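Chain naming follows the written order as A, B, C and D, and within any one chain the residues start at number 1.
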Amino acid sequence: MAAPLDFVDTPVTIRYAETDQAGVVYHAHYLVWFEVGRAAWCQSRGVPYAEMESRDGRLLLVAEASCRYKAPARYGEDVIVRTSLAKSSDRILRFRYEVRTKLGGDLLATGQTAHVVADRSFRPARLPEHYRERFGLRPKA
Amino acid sequence: MAAPLDFVDTPVTIRYAETDQAGVVYHAHYLVWFEVGRAAWCQSRGVPYAEMESRDGRLLLVAEASCRYKAPARYGEDVIVRTSLAKSSDRILRFRYEVRTKLGGDLLATGQTAHVVADRSFRPARLPEHYRERFGLRPKA
Amino acid sequence: MAAPLDFVDTPVTIRYAETDQAGVVYHAHYLVWFEVGRAAWCQSRGVPYAEMESRDGRLLLVAEASCRYKAPARYGEDVIVRTSLAKSSDRILRFRYEVRTKLGGDLLATGQTAHVVADRSFRPARLPEHYRERFGLRPKA
Amino acid sequence: MAAPLDFVDTPVTIRYAETDQAGVVYHAHYLVWFEVGRAAWCQSRGVPYAEMESRDGRLLLVAEASCRYKAPARYGEDVIVRTSLAKSSDRILRFRYEVRTKLGGDLLATGQTAHVVADRSFRPARLPEHYRERFGLRPKA
């Protein structure tokens, strides 16, 4: 079986609701696009995020989020969110993102998020073992 | 004791995030402002909405929402959301809203929402009795 | 050439950002989904909404929006927004919407919006003539 | 005349719309709260942000934004956004933020944003001179 790709590309159609009066996408929406990319990444590994919560009782609490904005995104052009897993363990997951125009591939933004694995009571927890393989995480030392 | 006022006025400072590229507030945010007004109305009757959920286990499920937009709201001008209770019972609450400019009082929008009282499992339920008095609801026939 | 379909179906993947603490999609987001459906409808008639604004200088100002919520939408299930044009002219466009679960087709909500055609200065205007044919609008009397 | 305070505290009432199905405020909304704090900071220096755009033709383009989340914010408790200016010039403004519970002052999050001063065409520009004094910026070398 081939190794899964290192990244997942997710197309996002810009919503008018996401623009602001400067005529570009309001910056906070990029964090939502990152969520869209992250969900697609989990899905690509065979783990819908909804199931992580409902079946395995694991939440990914956002501990850090950051974004660098290189060029504005504009209504009428679609974008691609490229999501990859960065240095992670079964306790902390880190993701990296690139946002590019669909046409032309111009880089609009880069970002990252860090997530603490928690149980339903928000206590730190570990990802169940079968996630390790699917997410390509190193076995615990 | 004086009867509570029929309406509650809540000031809302427009957020840049709420504007769109037409240079006005995006229409869906008015429903959020209605929520802000509704929460203030409940609070004014001595019932923080958060407690309705956490202490009394009652949710207000939105069954209908509508808005008529008369004039655009613009960043830099504050607005007032005037909220009043319309024909309601201990099973269904209806609210009415007016959005006006703080300066000048120009009418920007009117709206209404209807809410089904439900328990935590989303089953139809009744408001606990002490709400009836606080909300000024008629006793059940 | 076949007549265009009366409606356009647009799939929407629910975002975690769109849920609220009741565990369902927050009601105001349906208006944004309606926008997504409306944009897809315009696109299907060969008129990207972004071009209506940038090339033809026509805005669709939301004059009315309403939604009836039948059953909650939940994270993890995709929905379909079905959009159709209701009684309209080159001055006022009206759209109708249905939101259904992608799997099973359960009706979650219905809604409608009315839009005044305006120029860039927000003055009432008419849609340019070539829209009439594309949108299937009756010629002016 | 007393020097202006180094920071500005802005109360924010959490909106139900801002919660997610984990029962806490969705992380992207903190960036919007930062905007609310930033606008209040500008206002406290006598420069409504709306006027910076409309009168002086200066936009603050977000170049970077980041947030560290320490503890979740919950519906029903108000928060305070403390905003201060970090190392800045008339070309790049940087702000720092702390989000705390209003009751108790527990630290929920810290963050920062960097903004490039631009003209209406999104070209890099300088803040007009009278901003330097109001914002307490060092004169140019």
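In this section, contacts are C-beta pairs under 8 Å (C-beta built on N, C-alpha and C of every residue); 3 or more make two chains touch, one makes a residue touch a chain.
Keep in mind it's a predicted model, so treat the numbers as computed, not measured.
> Looking at A-C and B-C, which pair shares more C-beta contacts?
B-C
> If you average the CA coordinates per chain, which chain's centre is most distant from that of subunit A?
B
> Per the centroid of Cα atoms for each chain, what is the distance between subunit A and subunit C, given in Å?
28
> Report, in whole Å, the distance between the mean C-alpha point of subunit A and the mean C-alpha point of subunit B.
Using C-alpha averages as centres, the distance is 34 Å.
> With chain centres defined as C-alpha means, what is the inter-centre distance between subunit B and subunit C in Å?
25
> By residue number and range, which residues of subunit D touch two or more other chains?
Touching at least two other chains: 16-17, 22, 28, 32, 35, 75.
> State the interface residues of subunit A toward subunit D in the complex, per the touch definition above.
Going by the criterion above, the answer is residues 22, 27-29, 31-32, 35, 59, 61-69, 72, 122.
> How about subunit B: which of its residues touch subunit D in the complex?
Of all residues in subunit B, those touching subunit D are 13, 15-17, 32, 35-36, 39, 48-51, 54, 75-76.
> Write out the stretch or stretches of subunit A touching subunit B in their complex.
16-17, 19-24, 26, 28, 75
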